[in-house]
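You will see chain A twice below: alongside chain B first, and alongside chain C after that.
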Partner chain A sequence: MAESVRWRAISAFTLHWRSWGNEHVVYNAGSGDTHLFNDLAALILRALQEKAATLDELSQLCATSFNQDEDEELQAQLNELLLELDRLGIIERIH
Partner chain B sequence: MKISELSLNKLKKRLGTSGIYLRTGPFITHLQSKIPSVVNNFALLYANNNLLDNEDFADFHINLAAPRGLRRWYRPQVMFHFDDQVPFKPLPHQQAFPMMEWGLNWCISNHAHHYLILHSAVVENNGFSVILPAPPGSGKSTLCAGLISRGWRLLSDELGLISLEHLELVPLARPVNLKNEAIEVIKKFAPHAIFSCNFADTNKGTVALMQAPVTSVVRSNELVKPACIVMPRYMPGKETNLQRESKGQMFMHVADSAFNYSLLGLTGFETLVKLIDRCDCYTFTYSKLQEAIETFDELATANNTTC
Partner chain C sequence: MADNKDITKSSNQSVQHVKTEGSEPSFDNFEQRRRILKGAAVAAPLMMTVASRPALGMGARCTPSAWVSGNLSDHKEDRHSCGGKSPGYWKNHDWGGTGCYPGSGEWSKWSGKWGGGSKWNKWSKDYKSDSDGTPFHEFSRSGRRRGIFPGRFYGDKTMMEVLWSKGHEDPHQLGAHIIAAYLNAKTIPDYGMTPREVVNMYDQLRRTGYYRPGSGGHRMSAEEVVLFIQNTFSYSDKYSYSR
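Presenting the complex of A and B:
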């Protein structure tokens, strides 16, 4: 994935949230789909609702939030997650 | 006036001509049929329901009738007419009464969108309500029939109605639909209950219907706040096991089981959020009906003690 790729969430008005502990249910009023996310996915999605970010920036955020090393494994995991959120139509890439 | 107060002959005549107006929960159904098995099973299973005077309005106009032509004589069939339309293919004549029940479920689940409608049984004990959402074959109706034969109130066997405005469970006490082995299990468990005859070779196997308890029918105007959601699963040979389920997982299960969650859009999401917020959530496996009832009784007692 090119380093310059930035991601952002679709309109904040379209996504509706309810969280119970480490489970986060998100309703996408645009598609009518409902998704159940874990803490990691929720953190990324909320961050991308606030502002667009690159994989590196998101990786940094996750490492800080979950007290984890910012290594290749985390980047690979995040990359997969971003592609999945993109496939679900909840985030989009901007250049 | 109750259905049982009308003689079978008078009921037969009315069903075969102008029809009757039946109240089940919040709905009025205008029903017509000349088919003897519909008349007889209806008289038996809806004996405690109120017969309304000829109304100006009905939510659903239903007629079970034989098709015209040779089919009347050769392998006779039955057709379900809804507001003068025929939404389903005909079924064998012997399945006329279950077809009426399934058709009425279809009418409600496809039209009553002022409720969030769950594919679930709903029961209540001393103000403590339990929603039992589950896919077909999970033992939901067996458990429901067992509970209502031991004093729990039936709100619904098949369609859990949740009012969008006040988040209340709306009773729809109609016959309980039992399938295959469950029929004999419940006949032994509840020998005094009233059952239809068995209808063999339906697309659900053999089915029989059990009359709703009279107290449940009489209390059809008493709405109740949701308290608990239990997702049941009958598993032969397994121990009775009630386990907490997370709210997120239960949200997804219930959304999947709802007939009109998607159709209601954001209102459906917000209603379901409120429902899950206020309910304790469990999964439940069982193989012994008596033990299952005792577990539910304990759950109700514990809840009523803490309230």
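Presenting the complex of A and C:
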């Protein structure tokens, strides 16, 4: 179920990025909405623009990028983030 | 740092001038990385969303006839403001007000544990494999509901199933884009086409292989119709945001 679900950024639209330090503003040309991300969200969305990934793969990416151990708290937070990005129409689930 | 003033400034800028290159997140510093992840654990990664509402149709080629009246070779560079939503958007957003039904959906449960060991559950709806949504075609053999578009090309598939079709099942993604245009026409005031015009567009395409907007003029192929509909998704660099 959830473990096998893959996510990807919706490619029909261009996302325009601008970053200030560890804050990132992303304008979605599809919805017209503008989002403010921290580094973690920016890393995840960048990864999903490159290729589709599962929650486990994204968790590994975060652990590697930040030189941390994977833990359940991180996975839970990533899961919440993915569902929110999905709700906003920025990413989509593929099965 | 992006305070509110910065964000407002960014939102009012020409989006075409916002370059991706050179502004990507970097994580070069080890201590910074650790701090980021620790901080991320207590702060929401998605910190804020400013929902923009475009001034529909200002200078845009939001109707098929306006679109074909332009130089077709220039369309790749078009950035207009027609307020349309994409097929991807309609896969996972509410269909309220469209008169169509995405399906009853299946609830998927996401489970995990917090750091302290306590469990969390999150539920979200998955419409992908539903067969009880509004059928794509007007007269569907299996559907209990009446569909929207004439013909039989997509068989008994629901609109949601067509949105999720693979490439070979939906050439040029025409069906998915026609659905998006129809749902846009149902929900977006001043969208470039009425729902009836979207249905007529599809009907003419399936019967003749092309769509001719208005009387005379350029004959649009299925690929061009898809490009036109995509054009209604995008935004002009002259566009000013409203918050």
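Basically, the second predicted complex is superposed on the first by the 92 of 95 C-alpha atoms of A that agree within 3 Å, B and C clash if a C-alpha of one lies under 4 Å from a C-alpha of the other, contacts with A are read in each partner's own complex, and residues count from 1 in each chain.
By definition in this document, a contact is a pair of C-beta atoms (placed from the backbone, for glycine too) under 8 Å apart; a residue touches a chain by one contact, two chains touch by 3 or more.
Computed from a predicted structure; not experimentally measured.
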- Task: Name the contact category of A:Q68: first (chain B only), second (chain C only), both, or neither.
- Result: second
- Task: Please determine whether it is chain B or chain C that touches the greater number of chain A residues.
- Result: C
- Message: For A:E84, using the defined touch cut-off, is the partner it touches chain B, chain C, both, or neither? Pick first, second, both or neither.
- Response: second
- Touched partner set for A:R18, first chain B, second chain C, both or neither: both
- Message: Once chain A of both complexes is superposed, is A:I44 in touch with chain B (first), chain C (second), both, or neither?
- Response: second
- Message: Is A:G32 touching anything from chain B or chain C once the two structures are fitted on A? First, second, both or neither.
- Response: both
- Touching A:E92 in the superposition: chain B (first), chain C (second), both, neither? second
- Message: I'd like to check the shared interface: which positions of chain A are touched by both chain B and chain C across the two complexes?
- Response: 16, 18, 20-21, 23-25, 27, 29, 32, 34, 36
- Item | Contact footprint of chain A on chain B as seen in their complex | 246-249, 251-252, 255, 261-262, 265-266, 269-270, 273, 276-277
- Query: Within the complex, which stretch of chain C touches chain A?
  - Reply: 1-2, 6-7, 10-11, 15, 18, 20, 23-25, 27, 30, 32-34, 36-37, 39-41, 43-54, 79, 83, 85-89, 91-93, 108-115, 120, 122, 124, 126, 128, 230, 233-235, 241
- Query: What part of chain A is in contact with chain B in the complex they form?
  - Reply: 16, 18, 20-21, 23-25, 27, 29, 32, 34, 36
- Item | Contacting residues of chain A [partner chain C, same complex] | 1-2, 10, 12-13, 16-25, 27, 29-44, 46, 62, 65-68, 71-77, 79-81, 83-89, 92-93, 95
